[in-house]
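Pasting in a structure now, in structure tokens, and then I'll have a few things to ask.
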Amino acid sequence: MRILVIHGPNLNLLGRREPEIYGRESLEEINEMLRRKAEELGVELRIIQSNYEGEIVTAIGEAMDWADGIIINPAAYTHTSVAIRDALAAAGLPAIEVHISNIFKREPFRHHSYISPVVDGVITGLGGYGYVLALEALVRRLSDKT
Amino acid sequence: MRILVIHGPNLNLLGRREPEIYGRESLEEINEMLRRKAEELGVELRIIQSNYEGEIVTAIGEAMDWADGIIINPAAYTHTSVAIRDALAAAGLPAIEVHISNIFKREPFRHHSYISPVVDGVITGLGGYGYVLALEALVRRLSDKT
Amino acid sequence: MRILVIHGPNLNLLGRREPEIYGRESLEEINEMLRRKAEELGVELRIIQSNYEGEIVTAIGEAMDWADGIIINPAAYTHTSVAIRDALAAAGLPAIEVHISNIFKREPFRHHSYISPVVDGVITGLGGYGYVLALEALVRRLSDKT
Amino acid sequence: MRILVIHGPNLNLLGRREPEIYGRESLEEINEMLRRKAEELGVELRIIQSNYEGEIVTAIGEAMDWADGIIINPAAYTHTSVAIRDALAAAGLPAIEVHISNIFKREPFRHHSYISPVVDGVITGLGGYGYVLALEALVRRLSDKT
Amino acid sequence: MRILVIHGPNLNLLGRREPEIYGRESLEEINEMLRRKAEELGVELRIIQSNYEGEIVTAIGEAMDWADGIIINPAAYTHTSVAIRDALAAAGLPAIEVHISNIFKREPFRHHSYISPVVDGVITGLGGYGYVLALEALVRRLSDKT
Amino acid sequence: MRILVIHGPNLNLLGRREPEIYGRESLEEINEMLRRKAEELGVELRIIQSNYEGEIVTAIGEAMDWADGIIINPAAYTHTSVAIRDALAAAGLPAIEVHISNIFKREPFRHHSYISPVVDGVITGLGGYGYVLALEALVRRLSDKT
Amino acid sequence: MRILVIHGPNLNLLGRREPEIYGRESLEEINEMLRRKAEELGVELRIIQSNYEGEIVTAIGEAMDWADGIIINPAAYTHTSVAIRDALAAAGLPAIEVHISNIFKREPFRHHSYISPVVDGVITGLGGYGYVLALEALVRRLSDKT
Amino acid sequence: MRILVIHGPNLNLLGRREPEIYGRESLEEINEMLRRKAEELGVELRIIQSNYEGEIVTAIGEAMDWADGIIINPAAYTHTSVAIRDALAAAGLPAIEVHISNIFKREPFRHHSYISPVVDGVITGLGGYGYVLALEALVRRLSDKT
Amino acid sequence: MRILVIHGPNLNLLGRREPEIYGRESLEEINEMLRRKAEELGVELRIIQSNYEGEIVTAIGEAMDWADGIIINPAAYTHTSVAIRDALAAAGLPAIEVHISNIFKREPFRHHSYISPVVDGVITGLGGYGYVLALEALVRRLSDKT
Amino acid sequence: MRILVIHGPNLNLLGRREPEIYGRESLEEINEMLRRKAEELGVELRIIQSNYEGEIVTAIGEAMDWADGIIINPAAYTHTSVAIRDALAAAGLPAIEVHISNIFKREPFRHHSYISPVVDGVITGLGGYGYVLALEALVRRLSDKT
Amino acid sequence: MRILVIHGPNLNLLGRREPEIYGRESLEEINEMLRRKAEELGVELRIIQSNYEGEIVTAIGEAMDWADGIIINPAAYTHTSVAIRDALAAAGLPAIEVHISNIFKREPFRHHSYISPVVDGVITGLGGYGYVLALEALVRRLSDKT
Amino acid sequence: MRILVIHGPNLNLLGRREPEIYGRESLEEINEMLRRKAEELGVELRIIQSNYEGEIVTAIGEAMDWADGIIINPAAYTHTSVAIRDALAAAGLPAIEVHISNIFKREPFRHHSYISPVVDGVITGLGGYGYVLALEALVRRLSDKT
């Protein structure tokens, strides 16, 4: 079982960036936690972070050829990217959307996600741990299918 | 650690109700799964289901006196109940909102939640298993605080 | 053939309540007229009136086990209750929505019904007689199916 | 008692036109059913079908001089014709609006009717039988007035 | 100087139609008053009334070949007809829009006119006399151009 | 002179609930203050608190038979309950709406009240003392009528 | 017969101000034309121009004591002044609103008038001559009443 | 304790102005009632009425130097004046907004107040007596602070 | 292969009508170009132009009995006619919508088409030549189906 | 080169008024800074502050006769005054709009300016120094034109 | 004659991606068809596909130096990219927008194109063949200009 | 003192691109002017231009490590990029937004900026010189902080 994990724009700044909103964990710490859980569950992860919408689109398109599922935190592109939405719909893989902060407590434009209608589920506001829950859920879903 | 689990209106019909949307698990099966996980985590659960907005409001208000956290699937009241929102804000307990189906794939009026801005996190579209993830996350959050 | 008739909030006040809008017939008179028509058509009616959204939701859920169809005047809940809508969709029974007054002549917020998209038909503005027409139509529809 | 029945645009295609929405009854079959009911009730019907908004407006204006009431299915003009609304308001005759399909299950632009606020009642989603119910209700209303 | 006067749908009913809104003057009386004023000003009038949007469009298109100006009361088509707007823009003749009642005192959908942005001026709420004022203004405008 | 005082959902938590918004007075203290003022004015009060929309609707309907006026703080139901609005309109009694906090300083959805258009007056943002002012005003109004 | 004529803000600049929109007539020329027509009709005019909303409100309020009717070009205040609207409604005098340019050809915010719903009629886009037409119409209306 | 009372535009016409909306009390009668209450409470009032937004803004700004609180009925400026809102926010004095009529029963544009979010409380629909209640509440608030 | 070509309202004026928007080709020249292309492709055309919405609706309904496809420039009715939309949906024939000018460069109300969602494709802004492209595309589509 | 500087309502309170938003500089200090810069640039300033919309309109109209450019901070009138917009458009002088605070960080109604579309440029959020930048830019623009 | 053809994000997946929406043709097959038509018409094509908004912007900017026209299918960027719109406006070259699927049959957010107002024409819903039609139209347009 | 200057998409085309909107200065000329001013003020500039949203996001993130402030003209991304907004908020550096043209005179979608609420100030419509003013203001602000 192979899973693509995508971190969207500015997530490379985690830990340094507005910690009252995003917490103090760095992206590397989250990835570490994810890799431990993946090992525990016996799945293979490929993790990317990109500030480029186009690079994320490309990665999703390529995942059609190798991955079994996708975990994506589209960050700012959540609210503006039809291209990432289309890539996910095109890929047709099971996918879970993650947000570190509770976007529903923030500005109104953050309450709308172009991505949510094309993924299986969404986990919001549970910090870096949300990724771990997403991995559990995705693996469970993929196992159910088999 | 004591946690209140609230199932909103019509969730008593789970398994029989539009299974293409809500799946085939009954509410009892979900509760069973939750109780097993609670035992594993060493926490005490009190589970209620109600079709009455007023009864849910009352239960949340009373939880101020005994519970450490709340897991709530407000179902239809997600989109219409300021009273439940106010109860959660009044109680001030850590809380996680759960939806069995992916509400963002459904009618536009289901995309708005009065509840999300007053809870810590939201788990959507991951079926009955979403409750289990919520329990894990809530226990982790409560442990962190201690 | 067994049919559940539901009168929503404030309909207990019919005849006394703003008669220039709702007419001078009492709820009891309407029920009497309905029972006579039911007898004539050879169907069994169970009639309830409730001011509680939760009680109406519960009655609809229970109807899954005994009724063949539903006639509902959701009154004020027409415009605010996703829970009743969900109950009707969950029950999956043939159903007709009735309004005594012509809601399209009234305040704009009364022009939208959460209920109409999940019932078979809607009869509006024809007074208490609208229930009788609904009964005729529902019996006809149920007979056609058989 | 003389009643004008108006079928709006495209209703001449009934039975052939999107039968999953409009059913398989032809307009002629509906008219036949209406005429039988009219005979039973002892009222005289004049039935027209027109694709022209202007022709419908004219027919309603002329009805001031001979008819006691109007049954109208404005079809597509329901959502776009202020002229038909104005004609009905000008005529000032008792009138009932009929829709064969449940317009509230369809595209949002079909949820608004320019006609409903100027008629006495509306019957929606009950197929061709909706006209028969409208006739019953209209005759009852006209008899009450006498 | 030749001027086309167009009366839109339902204006044939003037005097009989909701006189508390439209007054008690018949269309014939208004036309008589207009003809007298035209004679006084030495201009030729052609007056039509139509309930058909298409007929009004055609009349405007033909006016390109004979008329010097247009006075139009589009009545209900004011609010719904892009076709009449396009005809007026295509004809490119000086034109004045007239409304007998004050449409700004009425339902919100009557506050918007598709016609006003393509005419020279608008006279609203001054009863049948508004046509006479329009004729004066149009003749003055046409005289100024010469 | 007999007056019904209604406290809506979550008001039982007053004093404990978000005191920076609602102040530190408990509901019992407010009721005490109200009872003293009632005694001073020589009027009889019946005071209820309910979290159930249906229970509030029922209480208002019953008040038609015994009360001379109503003071209501609909709390969260202010913004969502057509049923309570309809009950107040049905009862037809003089009524004053009270809000402890200044709802216009809070979230936009709290700026709209379904209740305000059917009461005589509204007192907002003056804390528990607002009930006392409402009682004074209501008694004055009832006295004026006599 | 005594009539108050009010010219709103910036109309003192007429002739110099954006002549492609407002024409080349000065306010003095318009007033001259109005005075001639007034003399012809045997009515007395008082004409004011003010850039102050408050001054216009005051003038309308005082007109209750001496004037028989009002002609007002509220200019920019058309779109923003509830105070002038309230003054006109308070005065309760017959009134006609005039606009020199066709406001419906201009920015969308100019399409809404707070004033139009409280006057008898509106004349738009007919230049300075619109005032003369307004005077004719107002005198006719006042004569009809006598 | 010194309090500024501000009456906004057109309130000088009270008693003569649309009495079915504003009642038959004159402004002088209201001021008299206020002065008596002020004497009873031992506070000093300065009362102004102005039709000029700018004059009201100036008065509020000057109140920073002498007043302890403000009672304001902004009348029409309620719905249009950011300048008065800013003045009140700048002054930072305790303030109560009063409306004589119930603005929530009237046109939709009267339902929004620019002023309410910057005052302590609002009293609506209780006639001239609303000012007296405001004075009581303001004095109580100021006393509590001392 | 037989194809119906429909030109909507005012298209008879092409060449004379606002040539800076619609170009200088007359309708006859466009039809000539179309007929040549039809001959080249071996298909039969029937071409109509109508200013009447009802006539266009009728023509589409009748096309069910003889045509294989439809090319329609609904002109002004694009933005206002649900009746034409319904006719096209009823007919169920392959259809292409053509606009001579680029409607997306024009007034916002021209950006919405009731027709586009029920046709196969849309060609906009390519002048009279757009019809020729539509014919090519339609014939290709019909050939593919065979 | 002569320049008119206009300070809108409440700006006389600068320094005392909500200093966390507007800073601690008084208006006199800003004017002093402006006058020094004007001297340095060799231009003549006339500075006014007014709380009256009408006074600002008048000042702009008069500037047509003596000024070469305008710097305006319309303060609260930014969001509500069409009259000031019209005055600026009428005057036709080069103009720059200044805001001391960053209005885009504040309430949504402060994000819209009626003034911005009729000035050359806008400087927002740079405190009192924004006026100095505006003066530099205006002088540069005026010099370029010469 | 040299023409730039741009395929936007995800179009590299054509044929594999949601074939019920986008058809089964691969991008390479479409390009082949286009190259054959280009050869037939004697024009030179440069074809790019990119998932990067910035890369598309750059390509359009560079086209100013070598191309005579542009054919662009902006795919998802149609609905979100002001940058591509600005690039097309900046380049000022004749351009045609192509969509493979009929975007007006899909989600509402796909009905709006930032691109359409800055191109000459739009071809929608005609599959890969739409590019060929665009090429014909563009070449014709460019030839007309010469 | 080190400052990052960012020019957004299409700004590389300045001087050649729609000069009636953006003027005739090339980007190089603006940069030259900026560098001269920077030298004068003794600050170090790093200037980038990019058409890639992702590249701009990356540059801002990296600026956290070396820059003291940011001047940004986000061009088209002003209206669509939450990612750049988030980067600026994450970096937390003093920043000023610049627009060459007056965006408030242009299409409505250009009136909204995602960027403005997270910068200190905005300078709009003052051409290339706006960058120089921004530099002055930024240096002043940075100096004040020290």
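Just a few scattered comments:
Should a chain be cited, it is by its letter among A, B, C, D, E, F, G, H, I, J, K and L, assigned in written order, with residues numbered from 1 in that chain.
Here, contacts are C-beta pairs under 8 Å (C-beta built on N, C-alpha and C of every residue); 3 or more make two chains touch, one makes a residue touch a chain.
The model shown is predicted, which means the values in this text are computed figures rather than measured ones.
Shared contact partners of chain A and chain F, listed by label: B. Shared contact partners of chain B and chain C are F. With steps allowed only between chains in touch, the distance from chain A over to chain E comes to 3. Residue numbering shows that chain K and chain L use the same positions for less than half of their mutual interface. Looking for a copy of the B-C interface in K-L, C-D or J-L, one arrives at K-L, which has over half of the same contact pairs by residue number. Between the CA-based centres of chain I and chain K the separation comes to 23 Å, rounded to the whole angstrom. Centroid to centroid, with C-alpha atoms defining each point, chain A and chain I lie 46 Å apart.
Distance between chain A and chain H, defined via averaged C-alpha coordinates, is recorded as 54 Å. Each of the following residues of chain C touches two or more other chains: 52-55, 80. Going by the touch rule set out above, the chain pairs that meet are A-B, A-K, A-L, B-C, B-F, C-D, C-F, D-E, D-I, E-G, E-I, F-H, G-H, G-J, H-J, I-K, J-L, K-L.
Interface residues of chain K facing chain A in the complex, by the touch rule stated above, are 8-10, 12-13, 16-18, 50-55, 75-77, 79-80, 109-110. The part of chain K that touches chain I in the complex is made up of residues 96, 102, 104-105, 111-113, 116-117, 119-126, 129-130, 133, 136-137, 140-141. If you check the complex, the residues on chain J that touch chain G are 52-55, 57-58, 61, 64, 80-83, 85-87, 89-90, 92, 114.
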